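Consider the two complexes below, in which subunit A is the common component and subunit B and subunit C are the respective partners.
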Partner chain A sequence: MTVIQHSRKLTYSIQKYGISYLFISVPLLSLIVFLFIPMIVSLWWSLNDYSGLTAAKFVGLNNYIKLLTDDKIFAKSLLNTTLFVLLGMSIGPTLGLLTAMMLNQKVRFSSLFRTAYYLPVMTSLVVVSTIWLMLYNRNGLFNVVLQEFGLPKVGWLSNPDIALISIVFASVWQGFGFETVVFLAALQSIPRELYEAAMMDGAGAWAQFRYITLPALRPVILFVYIIGIIGSYQVFDQIFVMSSGGPVYSTSTIVYYLFDKFMDLRLGYASAIAYILFAILVIFSYLQMRISRERA
Partner chain B sequence: MNIHPKSFGFTFKRTGLYTLLIVSSLLMIIPFYWSVSTSLKLEQNVFSNPPQWIPNPVTLENYIHVLTRIPFPRYFANSLIVAVITTLGHVFFDTLAAYAFAKLKFPFRDQIFFFMLLALMVPFQVNLIPLYKIMATLHWTDTYLALIVPNLTSIFGIFLMRQFMLTIPNELLDAARMDGCTEFGVFRKVALPLALPGIATLIIFTFMGSWNDFLWPRIVTNSEKLFTLPVGLAQLQMKNTSNVAQIMAGTVLTALPMIIVFLFMQRQFIEGMTAGALKE
Partner chain C sequence: MYKKVLFSLGIILGLLLSSCGGATTEPAATEAPIITEEAAEPVTITVWDYYGEATPVKPLIEPFQALHPNITINYESIDWDTTLEKLNVVLTGGEPPDVVTVDMTWIPKFAALGAFADLLPLSDGKLNGIPWGEAYTAGGLKAITYNDQIISALYDFDVYALYYRNDLFEQKGIQVPTNWDELMTAAKALEEGELYKYEFDADTFHGSQWIYENGGTLLSTDNTKVVFNSPEAVEAITFNDSLLVNSVAINWTEDEGERIQGVKDGRIAMFSDGPYYMGIMKSAAPEMAGQWRVALHPYNKQPGSYLGGTGLAIPVGSDQQEAAWLFIQYAMELENQVNVYKLAGAAPALKEALSSPEVNVEDPYFGGQKAFSIFLQSMETAIPFPYVRQWSDIDDAFTNAMQQIALAELSVQEALDQAAATAQEALDQ
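Up next is the complex of A and B:
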């Protein structure tokens, strides 16, 4: 092919496809500049001792090695985050499914109840955490109720054994309405005839749930868990507002620790934390992709 | 209760069901109620025992303080400016790109789209620190630019809108092209109006995400003039730990706009939230 032909072909291509590339240009550019390049920079920094003020010093995998073998606070944060995910994920979706099944019983005012469950979901986490911080106060509503029953006050956020659980509680309260709404929509899409046929065959409530509802909900349940796990691993706002990671690191999480190191200008170290989080999430994202491909 | 053997079980179940629904809904509402009620109390009555369910006396002092002594109106304006511009950006750029990915053919289209989907996996924390550095280098930190420009488009938005665009029949687009419409004209006059339900979802998602965002605005703003509502509220919370009534006034002011929008657009909200889960 001659040069002229080549350039003609190029001009033709630009005319033909230029508009398409123009249409995707801003998101693509934004992706490259604000995500792709920072990602690579972050990976490079994670291999350096870097404060952002002085020149970076290459240290190889030292940051990772230190984080994974020698940093007790990071180990604690990793453990706390995993506990947060496990606890939250064992309560939230179950609560969501239970409330969705209640709302699916042809109840009156069901949209009103749904609104109640859903209200915190669209409220900012900072707002929700601020409210719960007040409820958890030493003299707050929860302790007043406990005292009504003659029980001692609880240091909801000041007792290191309880603080994380308290934050899980507030987070579940904030988020399970999402699961309610998703499960309710899925429940409503199950054909009634299935249940009618099952009842004809003499299937009880449990058998109906076990052999109709649960299999029909399977994909949605998986979706809810994976989205929930990915989101929960990134927990930050609640920690920032309610406990600042304390007392004695009992509520420090991966992202909170990362933020802390960022504020200390240990940018290389913080970047390594980000990549460890990334590695954890990639596993779950991969699962999600496989599942959605299965469904498609 | 009239015990009728046949209907007893049913009535019993229904009563139990409604009791559970009402109790659980109350548990959802009480924290909100409590924050509103506290915001109307005098500070010395906030933790009074027994608790004041109805403030006595009712005072607007906390709101006046938060609105005049603390720049909450400014935070509100910042949140609104950022959320509105971000949302407009998404509606335009995401939809346009989604149209190209769904309805136009060009080399590497599917590869680029796949590349974008892969990027969806990257948690924000990974690019957070270099992104901050980029903003600092451009002298964009502590300006609206840092709050807005990196968030003008989103892969999720493109993905969502592409799903809607795929349902538009190609014949309609071809007919418009025959009539001499430019490709942008086809997008604006045919595809955009047909994708409106999707755009409603996109607007809700984006606006809510922007309004409630915390980590990025927290990191990228230093001066009160640029704080958005969540950042301002967290700041108030840290500085004035002892003024709970005032903090609650700030909380109510932060939450209220979103709650009002939600109550008016509940159907779209819920459809939007479930769209991702069920239609994928």
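Up next is the complex of A and C:
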């Protein structure tokens, strides 16, 4: 192909798609300015000892090495975050699916239930966390109920063995409405004929669920888990409001630790934490994609 | 789908990282001329104030602008948490305010990083004509001095004293404790099941107080060695912990709620805190007027307290440092310092203001007691937290140890030894 042909093709392309390029240029520019450039800058910072106030000092991979080999609080935060993800993603989607299946039946006031379950999702996490902080109070509702049954009070957020679990429950309560709505939409798109045919073949409720509902929901389940895991790994608001990472770092999470380092003006170290989190999310997403493809 | 996932991951990371974003400009030079006369050109200075509704800063604006017609003040009221967050952002890459209220607990980090302008050259060594060293107590001066620089003007101070339920003390015939043995005796006589306890706080503010009261410190005098696991410190924290072990103290954790709830429902009958808490009690528990008093916190070897408060600082990146200093100096005039007490209920930091009759009034809420004199007494021996870059690591390690001790996860010696090792490692870097 000659240069003239190339030039003609380019001119034709601009004439035909010029307005489209113009439209995409605005979001593209904002992506470059607000996403890609900060990402590159942060990558550079992660290789430096940098406070933002004094000159950056290049330290190579030292921030990463320290985080992965020597920083016990980061290791604890990583473990806590993983536990948060495992617990949250075990309970949340299951609860969401069960609720969706319940709402998919012809029950009265189903739209009311749908709205009610989705309300916490629309409520600010800070507000939800503040409400749960009151519920978990030493003299809060849960402990009052326990005492009514003659049981001792529980330090829901002051006992390091259960503080993280307490926060998981609050988070699941806030978030499972989203999963419910997504699953419900997917359930309603499954053709009724499939169930009718299965019934005619003598399939029971479990067989219908196992061989029709679950396979039909597979892409949605994958979506819910990817979104859920990405979101859960970034848990911050609940920790910030309810526990500040304590007691004894039992609720410190990756993003909370990142925030802590940012507030201490250790921008290089905080950037390295952000990149490690990014790597974790990429790995998880890749694994899930592989699993999904293999099963398809 | 795969690309979409990566793309969404990229967006999320970008959002995450953008919080760390900002220009990488270096701060301006710290040198500033001595202020001798009014600025010729009209200038605008931005003032950040975290005091909230009862601010003593905002009422200064109008009379200051009348005195200095060439200076306009752009006033912003920002809460305490947000001020710290915004300050982090603007100091590293934005346009900083010209004057900012700073909590003295923030100072170690900012001072070590050279974030604030040296007020000595700006002031020609004097605050409203009085040498800095004479304007403040020794502790107050130490709190604002870093590497022979004055990095903020201490506006109100915070030192700890003992708040106690005087009505219960009188009812039960308990003497106000002056030393630790008496404190234990008083606490035992006071508590009734879940009621009337001493508040145990697993944090550095309170933990350091016990250590200071036993002749210990957190770091060595040259700030190179962690010594909060010294025999004096271990003995101090062991006593502090014994209040919990003997069930005469309540471990005040997140799920206990705000302290004022415990004050009102009787769970707390004694606690240690600064003068600012008098204002909180008056507004949140007016029905308890007359029941509480303040005393010097009981000690073993010597009185002790952390020393903090609010400073007025000029970020080093401010390009209106002269006008900013004029505003700070105006805020530090005697009448305006007295208003720190009158308007905010806080303790003014200048010696002259502290000893003024308007501040040293008999307080009916505290049974006619001149409560500020107690805090002034506490200030004489109070110590600011060490000004080292690694302060937050040290603070975290010590707080974690205090939590482990409160939860009986480790012995006092083990917890402090482990924390000291962690803190020392950070300090050595």
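Rule of thumb we're sticking to: the second predicted complex is superposed on the first by the 262 of 296 C-alpha atoms of A that agree within 3 Å, B and C clash if a C-alpha of one lies under 4 Å from a C-alpha of the other, contacts with A are read in each partner's own complex, and residues count from 1 in each chain.
By our rule, a residue touches a chain if its C-beta (ideal position, glycine included) is under 8 Å from a C-beta of that chain, and two chains touch if they have at least 3 such contacts.
Everything quoted here is computed from the prediction, not taken from an experiment.
Of the two partner chains, both subunit B and subunit C are touched by A:Q234.
Once the two complexes are overlaid on the shared chain, A:F262 sits against subunit B and subunit C alike.
Contact comparison for subunit A: of subunit B and subunit C, B touches the greater number of residues. Of the two partner chains placed by the overlay, neither subunit B nor subunit C lies in contact with A:L146.
When the two complexes are overlaid on their common chain A, residue A:P160 makes contact with subunit C while staying clear of subunit B. Contact with subunit B, but none with subunit C, is seen for A:A185 once the two complexes are overlaid on the shared chain. Residue contacts after overlaying the shared chain place A:L53 against subunit C, while subunit B stays out of touching range. By the touch criterion defined above, A:V220 lies against subunit B but remains apart from subunit C after alignment on the C-alpha atoms of chain A. By the document's definition of touching, both partners, subunit B and subunit C, reach A:A274.
By the touch criterion defined above, A:A197 lies against neither subunit B nor subunit C after alignment on the C-alpha atoms of chain A. Under the contact criterion defined above, the residues of subunit A that touch both subunit B in one complex and subunit C in the other are 34-36, 38-39, 41-42, 45, 52, 133-134, 137, 139-140, 230, 234, 255, 258-259, 262, 267, 270-271, 274, 277-278, 281-282, 285. Put simply, subunit A touches subunit B in their complex at residues 13, 17, 19-21, 23-24, 26-28, 30-31, 33-39, 41-42, 45, 52, 99, 102-103, 105, 107, 111-128, 130-135, 137, 139-141, 144, 147, 173, 177-178, 181-182, 185-186, 189, 220, 223-224, 227, 230, 234, 236-237, 240-241, 255, 258-259, 262, 267, 270-271, 273-275, 277-278, 281-282, 285, 292, 295-296. Within the complex formed with subunit A, the subunit C residues making contact are 1-2, 5-6, 8-14, 16-22, 24, 26-27, 84-85, 88, 91-93, 109, 113-115, 202, 251, 253-257, 261, 265, 392-393, 396, 399-400, 403-404, 407, 409, 422. Residue ranges on subunit A touching subunit C, taken from their complex, read 34-36, 38-39, 41-42, 45, 51-56, 72-73, 133-134, 136-140, 155-160, 226, 230, 234, 242-244, 246-249, 255, 258-260, 262-265, 267, 270-271, 274, 277-278, 281-282, 285, 289. Residue ranges of subunit B in contact with subunit A, taken from their complex: 17-18, 20-21, 24-25, 27-29, 31-32, 34-35, 38, 47, 49-51, 93-94, 96-97, 99-101, 104-107, 109, 112, 116, 119-134, 150, 152-155, 158, 183-184, 187, 208, 211-212, 214-215, 218-219, 229-230, 233-234, 237, 244, 247-248, 250-251, 254-255, 258-259, 262-263, 266, 269-270, 273-274, 277-278, 280.
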